[in-house]
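Note that the chains take the letters A, B, C and D in the order they are written out, and that residue 1 is the start of every chain.
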Amino acid sequence: MNLPSATACKNNQPTTTAPRLSLACLGVCCLLPILAGCGQTPAATFRPNMVESAKQRLQPEQEQQVATILEAMFGTPDNPVVLPETGLDIAKLRLAAGPVHSDIVGRKNGLFREHCSHCHGVTGDGMGPTAAFLNPYPRDYRPGWFKFKSTERADKPTHADLVTILNNGIYGTSMPSFELLGETKVDALVEYVKYLSMRGEAELSLMRYYFELDDEDEGKLPETRDFLIEEILLPVAERWQEAEDAVIEVPEMPEVDLTESIAMGKELFYGNKANCVKCHGVTALGDGQANDYDDWNKVVKQWSAELQSAHETSTSDMTSEERSEHRAWLAKSDRVLAGDALDPRTIQPRNLRQAIYRGGRRPLDLYYRIHAGINGAPMPAAAGTLSPDEIWHIVNYIRSLPYEFDGELGADRSMVARDRL
Amino acid sequence: MSTVTHPGPGDTTTVAPAGSAKPRPIAEFLSTYVFSKDHKVIGLQFLFSTLVWFLIGGLLALAVRWQVAWPWSDVPVLGKLFAQEGGQMSPEFYTMLFTMHATVMIFLVIIPILAGAFGNFLIPLMIGADDMAFPTLNMLSYWFMWPAFLAFGASFFVEGGAASSGWTSYPPLTTNPAASPGSGMGQTLWLIGLTFVGVSSMLGSVNYMTTIILMRAPGMTMFRLPMTIWAMFITALLQAFALPVLTAAGFMQLFDRSIGTGFFSPEGSIINNEMTGAGGGQPLLWQHLFWFYSHPAVYIMILPAMGMVSDIMTCFARKPLFGYRPMIYSVAGIAGLGFIVWGHHMFISGMNPALGMTFMVSTMMIALPSAVKTFNWLGTLWGGRIQFTTAMLFSISFVSMFIIGGLSGIFMAATPVDIFIHDTYFIVAHFHYVLFAGTAMGVWAGIYFWFPKMFGRTMNEFWGKVHFFLTFIFLNGTFFTMHILGAVGFPRRLADAYHYETFHHLQPMNAFMTYCAIGMVACQVIFAANFFWSMFYGPRAGRNPWNANGLEWTAPSPPGHGNFDVQPIVYRGPYEYSVPGCEKDHLMQTDPPLETAVAAAH
Amino acid sequence: MGCGQGRLVAPTPDREAAETLRVALSSEDASSDDGAGAAASTGTGWGTLTGRFVFVGTPPAAKQLIVDKDTAVCTAEGRKLFDQSLQVDESTGGLANVVVFARKVSRVKEREIAEEPLVFDQKVCEFLTPVFAARVGQPIDVRNSDPIGHNTNVSGTSFNQLIPAGEGTLFTPSRETGMPTMVTCNIHPWMKAYAVFREDGYVAVSSADGSFTLPDLPAGEEVELQVWHERSTGPNGALGADMPAYDWSSKGRFTVTLEADQTTNIGDIEIPASALGG
Amino acid sequence: MRNRLAGLFWSLLFLAVPVLGVAVFAVAPSIDVWLPKDVSAHGKEIDSLFYFILALTGVVFIVTEMLLFWFIWKYDVAARGEEKATYIHGSHTLEVIWTIIPAVVMLFLAIYQMNAWADVKMRRPVMKPTVEVVARQFEWRLRYPGPDEELGTPDDLFLVNDLHVPVDEDVLVQLKSMDVLHSFFLPNLRIKQDAVPGMKIPVWFKATETGQYDLVCAELCGWGHYKMKGRITIESREDFDAWLEQKYREQEATQPNPQEDML
């Protein structure tokens, strides 16, 4: 063994070894806090809509312009900003935004990241850490489509609609009930969801606008108030504000005996007019249509198909720099598809015999679903085709389905899982 | 057994045989240090591997504590994984952390360090054998740990992360991959790892039993065996009888997951909003099978420590062990009763309440042997000449802490009280007092005590005591508070309990516990430094630095291949300290009978 | 652990720029120049634009569609359904279903919106008009001439309606679509068509022989038009062509200046197979 | 030549264990880190048992730890001078004593508790379920049988997380799970029972006070385990019936609820 250690061997009394060791320990002990210190991660950021960006073939500087404009209009996850045009309440947003912490009042802030972001993502893109494991996937707010609401198919939900969703949860999905948070918190969260949705829609229209640009714009969006507010923000914001007065008028349930009504509903259900049977199946177990996608998954599905064909198209008649550009875009798109989109899943029509109604079990809710269809889902609207009375009959029939056992189900009895009702 | 007659290498020898390494040095190195069949090398291999996992497990615990104290805040270092979320860990990541903390600590640290490290190193030395009965089997028992190391280690990096359903791995959470992110590949790897740990323990236990029964030195009757050996012997028996059940259950779960059997999955559940396939099974079945192994395993995890502590205490109290045979009987009693108390983990599981009553009675009864042991340890201290060496301090604290862990067990044994404190921090406190404040302290005692025999040098006493002092303070700071948290009903395994009105005021207390935990892990640096420094530069130890009685102390430190330079002949039990009429205060087991000794003195 | 490993590094916003822009946006009295920048209207007359799209090369065989529902009707007596996205006239090579619409016009001729509804029909599980143009505000009679029920889902609009067998529903588009939007039937997922709605009604779809006609365009000044085809590999389906005379861009845009009361024919526009991803 | 200080230091350290240990338990109630308020009929039994065992173990704890301290204080080698350690291998009588006494105590404990256990888990009141609780990842789905007192009929009332029960009446909960293990934990009612998929487990209690308390999930049920927060509201019969009535009306609503629009 070498000399220093050899000498170390000789003086091996605790007294002399103590300082040596203490230095070593001190060193390491001080090291730990430092390690912890440098462990601090940067503040949370909004993730750009990479899928749309890749679809629109945006250049990095264009992506950055979008990010900059959005930060100007909406701020950051920790520090949201709202322009008066959005009609959002900044006080509520502050309650929901930012990291989880208590402020001076001892009131809990950062509600969204405490309760929502691990599924819906800090950006509201439905891509939080937990998202990939959930079935169905958590909602992506950015396209601004919402399923369960009291307004017409293409309209935004009312504030109350979203509150109801948060209060009741969505039975049949991984969305739990948040009623016990209390009104103020739920209210704040709903406001924040609107905020994220508006931001996401604004981002989409910004990214899409690059295609609309003329050549003299040199691929740069005008950063004028007219453009950003009038063209981008208001169209989105106004539709949110209109929602409040776009609630569907619901005529009273017809004055017919329930069993009759159910019988008529059943006729419609299986008949050629309402055609419910086509998707929900002759057993009403939701086994009629298995190979369709909802709009969120369709976007990814179709785009990956486009990518596929883009991979196949011959690059022979391209100039060399066109080709390299094409290749770069393909490479980027593939990474985006892998990292910024969840593998598309087919959507199953609802099994109507489990007494699980995602949009709520009130007759009213079912009326809305049938009247306006379900935005983002294949479910079409019946209004105009069916009279309100006919819709009510179907509602009554559907509500009776979980309790109907006329042997039609045959072997599928177990699927009813009556005990679970 | 073969009598060992080759020349004794003497004090200066290292584990490697001198010379003869010229022709094929690599092969020589491999056969000596890596694929060695020498029980001492294997013991040390176990020791080092388990100490590494001990560190990993400790760090996992810190991450868990961080989340419990400051939920959803930016986690140091780990936060990098969640940069998008501003560094807050996701709930499924938290569940993975505590699952793997327990898994690592139990299956990769405590069980292998007791049986594997100390069992291997001490059994032949303490019974006067030149090696284990089946050296190759012994080597395999170590190398079968590696697939387990790899499986558990790799599971952190697979899709969905490592197992995240608790170390008890209750179905259906574990049998249905959709039920939880960690129930994907991670759970499969977990089950595979568990199986390999089982195989390793099984090989070990067979070996220990055979060795202890067949290879004792002349004169070493069963009732002259040191408590350590008795404990190891009983432990081996427990392993041999309980393990097959767990292995079988593990495979059943594997089948439920992979080939769609339904042992543990009931009919017609909806998991993650999908109808489940196979049905007709019963989730409680797993709990019965699992605890049928894991309750005895609880004793597998403490008996050897009890044995070692008994030996160390007698040595530093310079006094015979108080009630040697009662001690043995109580160990045997614990082992026997240990097989009929598993149900006390399931009082509120939905098992027939009448069954709960019977399990309550047997559980109350198993408190007896533990009480007897405690009293005997006290008796051993009484009237001794107590030397405060580090090893002794750890042993005393073992007794002191075991009293706490034992008594808190009675609360859980009482079924009505268990209704309230089941799955709260009360139970967390209980098993950490038994397993950490108990076993881990015993392990440290053992390391400080037998370190000279392992490496031929003694560890630094001053820093050893500093290490003991800090560990002792911090561990009580961390775990004692858990009792009163449990009294509030604070549930375990919650990523964030403070949104419950009942618990939201407990955050400061949890923060305090987390600070203590950080301190506890940090001060292990002292131990590590001391350990490795002493390995090379510690003061050289003679054959018997503590003036102890056991056979191992007649061998050179460290013992060469074959352990003893002269075949030890045993004349008496291991605890003959302060024998009247004999001026040196200890009579080693090999010392010739007293008369001759006295005569020789004259 | 779903922490998004291997994700692309996203661009970070420019903090200062954002700050200044935010100030500009929140100030009410921001300079309100009409950024739209409509070309100053000069001419007065109106002209007509015609042209013809020609497919160069041999069109690939159309894919057969998988029909797994209502086969009794959809594929009665061994009938097969084919993908209609590429329709080329054998004799003339004319490329059908190309959409041409005015992107920038300075003036719009006053024409009242037709009252009688356009018919958008579906028969034997196919949309009879695979590409379909209408003026915003013009009623569309969405029919179903099948003995089975359909639903018609015009994405991007509020319209996703049940169409019972043999019945029809009126749909009046209220918004421009920009580029054509997809029309589907969710009951029969293979059914697909495209619809385009324009405020000014300056929109045409090339007929079976590939020709199109856009009447009443403002004459005497530059008119910019946008061209689209379902199969086009260009961005958002924009159809590029090699016609420098009209500086036809890869974004599928070209500009012409029409003579008042004249029909300007820009002749045959040759579309290579590669431009249609074939 | 050892000095006494080391011995004093270490023995005092071990003396700190019983002293501080007792101190912590003594202080805990005053800082409200203690058994939560009990509002159940059977809870008294459980709590008194808890205190009884606490006292029992407390005594044993103090005695043994004090002995430990006393021995290492007294028999520190530095204090013993030249005197040899006592040469003794044990005492048969002592062994017998400290085996018999604990045995008796333990047996007593075991038998003493059986009644309380039977009350909570075995003597089920003869009645139809007041409510069915179906645990799922990650919420408590509740179903009240409605006027006909039969579950599984169209007049059932479906709710989530917000459990209401009448005060001073036997309440029978039918506990089920839809997916994995959960545990129905009512700290203030001293109730805990795992919910096992494929099993209908009856849980019963009688609340003695009105108020709102937490409903906690106490068995790991997946990543969202911590999320499974419910609430139990104990109220008078009248309020309870009124509440059921109102909730049922809401569930059957065919027109938008005016309160909603106010939001």
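Simple rule for what comes next: a residue touches a chain if its C-beta (ideal position, glycine included) is under 8 Å from a C-beta of that chain, and two chains touch if they have at least 3 such contacts.
Please read all numbers here as calculations on a predicted model, not as lab measurements.
When C-beta pairs in contact are tallied for every pair of chains, the largest tally goes to B-D. Think of the whole protein's Cα atoms as having one middle point; the chain whose own Cα middle lies nearest to it is A.
Taking each chain's centre as the mean of its CA atoms, B is the chain most distant from chain C. Note: centroid distance chain A to chain D, computed from Cα atoms, is 39 Å. Separating the centre of chain A from that of chain C, both taken as means of CA atoms, is a distance of 29 Å. Remark: chain B and chain C have CA centroids separated by 73 Å (rounded to whole angstrom).
In chain D, the residues that touch at least two other chains are 137, 178, 223-224, 227, 229. With touch defined as above, residues shared between interfaces to two or more other chains in chain A number as follows: 45, 47, 128-130, 133, 174, 420. In chain C, the positions touching at least two other chains are 1-4. For chain C in complex with chain A, the residues that touch the partner chain are 1-4, 6-8, 10-15, 17-19, 21-22, 24-26, 30-36, 68-69, 147-149, 151-153, 155, 157-165, 167, 169, 178, 186-187, 189, 233, 235-236, 238, 249, 251, 272, 274, 277.
Considering their complex, residues 6-7, 10, 13-14, 17, 20-21, 24-25, 28, 32-36, 45-46, 49-50, 53-54, 56-57, 60-61, 64-65, 67-68, 71-72, 75-77, 80, 83-91, 94-95, 98-99, 102-103, 106-107, 109-110, 113-114, 116-118, 120-122, 136-137, 177-181, 183, 185, 187-188, 190-199, 201, 213-214, 216-227, 229 of chain D touch chain B. Residues 5, 8-9, 12-14, 17-18, 20-21, 24-25, 28-29, 32, 35-37, 39-45, 47, 77-78, 99-101, 110, 113-114, 117-118, 121-122, 128-130, 133-136, 172-174, 414-415, 417, 420 of chain A are the ones that touch chain B when the two sit in their complex.
Those residues of chain B whose C-beta lies close enough to touch chain A in the complex are 71-80, 82-88, 90-93, 160, 178, 180-181, 267-268, 270, 272-275, 460-463, 496, 499, 518, 522, 525-526, 529-530, 533, 536-539. Residue ranges on chain D touching chain A, taken from their complex, read 134, 137-139, 141, 143, 151-154, 156, 158, 160-162, 176, 178, 223-224, 227-231, 250-256, 260-261, 263.
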